[in-house]
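Okay, got some structures for you below.
Two complexes are shown next, each including chain A; its partner changes from chain B in the first to chain C in the second.
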Partner chain A sequence: MRKKIAIFILIGWALLIIGDRVDELRVYQGAQVAMYTIALASIVLLTGYSGQVSLGNGAMMAVGGYGAALTLNNLGTPIWFAFLMAIVTASLFGALLGAAAARVSGPYLAGTTLALAVGLPAIANQFAFLGGEPGLFFDVGFPPERFGDEFTQYKWFFWIACFIALIALFITSNILSSRFGRTWKAIRGNSLAAELCGVHSSRMKVLAFTVSSGLAGLAGAVLAMTISLVAPGAYGLALSFALVTGAVLAGISSLPGVVLGALILVFIPEISVALADRLGDADKLNNYLPGLIVSVLLILSVIFTPNGPGENLRKHLHKKPAH
Partner chain B sequence: MIRKTRIRRTWLAAAVIASGSLLATALPANAETGVSAREIKLGITLPLTGAASPGYSKIGNAMDAYFKYVNDNGGVYGRKVTLIQKNDEYSPQLSIAKTNELILRDKVFALVGPLGTANFTAVHKSVGLAKRRVPSLFLNTGFSGFSKKKSYPTSFMVLPSYAMEAKIIAQFLKENHAGKKLGIVYQNDEFGIDGMGAFKAAGTKFDVTIPYTSGSQSSATAQTWVSQLAAGGAEVVVMFGVTSATGALLGVSAAARYAPQWILGSVGSDPVTLRAIGVPVAVLNGAQTPAGNPSPNDTSDEYVKQFQEINTKYNTGVAFDDYVLQGMNIGLLTVQALRAAGKNLTRRGLVRAMETKGSKFASVAYSPLGFSRTSNVGHTGYYMAVMDATGDRKPFGGKVTLYTTDSGSGPVVVSTFKRPAMPAKGLPSNS
Partner chain C sequence: MQKVIETLLIGLSTGSIYALMSLALVLVWRSTRVVNFAQAGQAMLSTYIGFEIASRSEIFWLGLVFAIAAGALVGAGVDYFFMRVLFKHATSGPAAVVAPVIATLGLLGLIRSIVGLTWGGEFKSIEAPASTDGFSVGDGTIPFSDLDVLIIATVSIILIAVAYIFQRTNLGLALRASAYAPEIAQLAGIRTARTRTIGWSIAGAVGGVAGMLVTSNNFLSPYSLDLLLVFGFIAAVIGGLESMVGSVIGALVLGIGLTFILNYVGTSLVFIGGFSVLILVLLIKPDGIMAKGKARRA
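After this line comes the complex of A and B, so read on.
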């Protein structure tokens, strides 16, 4: 445990140094990587460990984002409390959904959560208190003045996002290596066998949904912070599909792999711009290329590395010490 | 022990990948961002695809066509103007992402003509345009909130505000539809509330008031609007919403044979866009609307004639309409602003030039520009027009009667303002 804490502190320290060395675009992208890391961790926990396939994590992010924004805007609470409320709101919603989801599995569960991803963000359009299509502002404020004029808003986002991501990953990795993680794995492997061993599989599935939703909600609030906004369009179907792709590329049961998945998701638009510039008519191509790249990567990954390149990398790294 | 070592190695590998990627590029800053000896880079976010793209998507290409015309005739003090267009699909969060790309990756000198109230509100706040001192010229939105100079010190409007528009419509209702039962459908956000506040201040009392949430408009919701308007006996109906809402209202009303006198706000009355979303343009026949520019079909107008020629050569195959006219006009205003800022172009200099010389710029719109050291308001008035069955408009009463006002409590007055002449060959020579 001490070593793990030391590693997380080391990574945090490295990120602080990196934040000072790179230009502002990379700092902004760094905050996005942190956001995706948390979101992908929620999928790894739910799908990789408890075996429940969800296509609706974008919707759970929306619940967290709106929970945080409503808390901050209406109650004027400190920012950390808004993030906490994002977790609480999404967890409660996840518990309700989990109770229903525990009754279905496989493609039926995927279908149910897909419906959620399609429908939930659009609900915001119908309620004025949720801000309609333009959404609600989520303003975490300027960085403290003592950091100086050179300390930009995006660096502030980067710091907050990385801090939250490190804590979220630390807690998640501990949960996954605890009794709960082992139980979820047992359910995923063979639900009937797990029940014969005394595991209450439905209850544990609901718990997995609740914890995963809390993480997704937290990612939703971090996303809202990086764009200063919660709006239905930010949590659309494309986000849910991108997350699934990221999780598959990361290796669906590999928690450290989520960093790789998050990096791929953030840098797909970069690849798209580079490709579009080479192919010509960049403006038009840029509208469609990111979606195409995500789809192609997902298909190639499923064909050639069913467990994801992240999982393969992890196995490769694990093999070396034994040789 | 081995397992712990493996976990540590995996975490460290992930951290190294993250670090390496973030360190990948770091470009040195130029003397002035987006300006070189040969080029001035400008950026715009607008919907090139999606529900809001019909019409709006033409603005960027029209601006680009005008810049190409200027570039072929010597550019701005020898520098060519390059416009980078980014598609935000009219979504605020995409506007933020795309503006970040323009500023952080493409390193544009200034934003010109960014589109949408919610979009620019979100962008200004999230990207921090004021703090970065990035000039944002000729916003394609009429939200009067953007005229707060202290909050938006580097932003400049071009359209008259929605509050001005509402005040002018209120005056028109008083003069031409007194004693009739009035109804209004408005968008319940900054855009509509801006207008409703002005109607209230002008003393206009509506017998039927219908707010709608942005995004909720559809044929189904329009059915309920028409039922309420008809039940309330509204004889004159003001539509103060976006084009999709106007289209739904007009379409459902035509099917229900409900035909009040329509007064359509400038945002939702474009016949090209209405046609693109499936509304038969004939339903516009007789509708009254505030207008700032001459009709794009009025070839007797020197601006329209010049812009049509540029469009034929540099925007080949694109029909010349209000959006193309607006885009070319923003191009014309932008070139004047860049020239006014001088050969040693800086962001600070551009803002100062807008404040000190902007009110004298040549522009196709009939009303004066309100730029000064204390004001970032663009055009300040409208004339009322009547639409025919093709959607074309003619001045109400046969001649242009220009009303000017402000976004506050100032009166609505008939103006005798004469707009500056179009620069020779459409090429500004100001300094």
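After this line comes the complex of A and C, so read on.
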């Protein structure tokens, strides 16, 4: 435990130093990587551990984003409280949804969350307090004065995002190695056997979806911070798809892998813009090339390395000392 | 009273299109145990092909025939080139259970981007094969039109054809057998893998019809069939995911219910209404309306 804390502090310290050395764009992308890290951790917890698929964690992120924005705008609370409320709102919502869809075994959770992701704009437009299509502002304010004039807004985002991501990953990794993580794995492996051992499997599955939703909500608030806005467009179906892709690419049940997945997700748009420039006809390509890259990567990885690149490597290493 | 009847009629027409989508989902679920979220993509690709043919030849029905053929081909291709490979590779480890669903998601994204790159994101529309002006009753007109009659007729023909295949032909028997007990079917000499591919292609063809019909009084874009997929899924859940009859009944109930919401409450609540139905069904009767005997525990 103490070792783990030391590692996380070391990573945090390294991130601070890196944040000072790179330019604004990279700092901004760093904040995005931190955001995706949290979001992917929510998928790893849900899909990699409890064996359920959510196609709408992007929508759960939106719930968290709205929760944080409503708290900050209406109550004028400190920022940390807004982020806390993001977790609370999304977990509550996740618990309600999970009580219906995660309780029963089958493809119901995947379908229900997909429906939620598709219908998010319709829902956001329905309730006036969510601000409709343009959404709500979410402004965490300028960085504190004592950091000096050199300290930019993006660096402030980066700091907050990294701080939150480190704490979230630390807590998630502890949850996953606790009784709950083991129980989820048992249910994923064989839910009947798990029930015979006294596990209440439907309750545990709802719990997994609740925790995962809370994490997604936190990521949603961080995303809202980096774009200063909560609007349905930012949390569309494409985001949910990207999250599943990132998690599968990095190994669906590997928590450290989420950093790799997050890096890939942040750099896909950049790669796709570079490709589109080379190929010409920028408009169509810019709109659909990122989606094409994401889906091709998703299909290839789910067919050839369904358990992540790490597993194949391990298999390869184990093969050598054959009897 | 007149409003109630016209809402019922429109609901029937809407619901019959949902019925095709939900039937396509159920067909694949029964044989492969995967909810094929790529169905929206397959239907979209078929509809775009149908749209090309229909707008060049100016004959809607020719477009529909091509959409059916394209749907069947794409459906068979998805099973043959992706699902078979997938089931060969992803057999163990934490991802084995979730890999098929995730793969269909990837396919949906893939087809969407290919369609977007080929046809662009602009809204296309297919000229309806019949008048969309409502019938006149007494002094006024009601929104129920020739097109709605045609939609209901086409869907009925498709449903009868599918029912005939499943109940009266050897192929149908093979399809049912290999969905019900693949190993025993195999022992009885049925090539289950090939039968499954045929099942996927029937589902693809049905989905293609759904796409063409829904587009005939609406527009077509790379995203326009997402909602149809969602409502098809809800209808399939109402029917219990297993039963083809249940999925059709579920779709009609859902279509009529949502049209009542549309006519009496407002457009904005249609989606929320559908979503609430899904949640309610999952809470109250997760096995669907067609479930017999004891409900599945947990």
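Side notes on the structure shown:
Note that in this section the second predicted complex is superposed on the first by the 300 of 323 C-alpha atoms of A that agree within 3 Å, B and C clash if a C-alpha of one lies under 4 Å from a C-alpha of the other, contacts with A are read in each partner's own complex, and residues count from 1 in each chain.
The rule is simple: a contact is a pair of C-beta atoms (placed from the backbone, for glycine too) under 8 Å apart; a residue touches a chain by one contact, two chains touch by 3 or more.
A quick note: this is a predicted structure, and the numbers were derived from the prediction, not measured.
Aligning the two structures on chain A places chain B and chain C next to each other without any clash. Contacts of A:23 after superposition: chain B is touched, whereas chain C is not reached. With chain A as vertex, the superposed Cα centres of chain B and chain C define an angle of 80 degrees, given in steps of 10.
Within the superposed three-chain model, A:103 lies in touch with chain C and out of touch with chain B [touch as defined at top]. Residue contacts after overlaying the shared chain place A:289 against chain C, while chain B stays out of touching range.
After overlaying the two complexes on the shared chain, residue contacts for A:78 are found with neither chain B nor chain C. By the document's definition of touching, both partners, chain B and chain C, reach A:125.
Superposed on chain A, the gap between chain B and chain C at their nearest CA atoms measures out to 5 angstrom in whole units. Put simply, chain A uses residues 125-126, 284, 287 to touch chain B in one complex and chain C in the other.
Every residue of chain A that touches chain B in the complex is listed here, in rising order: 3-4, 7, 10-11, 14-15, 18, 21-26, 28-30, 33, 125-128, 132-135, 137, 139, 152-153, 227-229, 231-234, 254, 256-257, 259-260, 263, 267, 273, 283-284, 286-287, 313-314, 317-318, 321-322. In the complex of the two chains, the chain A residues touching chain C come out as 47-49, 51-53, 55, 97, 99-101, 103-108, 110-112, 114-116, 118-119, 122-123, 125-126, 185, 188, 191, 195, 201-202, 237, 241, 244-245, 248, 252-253, 284-285, 287-289, 291-292, 294-296, 298-299, 302-304, 306-308, 311. Those residues of chain B whose C-beta lies close enough to touch chain A in the complex are 2, 4-15, 17-19, 21-27, 48-49, 85-87, 89, 91-94, 96-97, 100, 104-105, 117-118, 121-122, 125-126, 128, 131, 188-189, 213-216.
For chain C in complex with chain A, the touching residues are 29, 34-35, 37, 82, 85-86, 89-90, 93-99, 101-103, 105-110, 112-114, 116-117, 120-121, 222, 226-227, 229-230, 233-234, 237, 241, 268-272, 274-275, 278-279, 282-283, 286, 296, 298.
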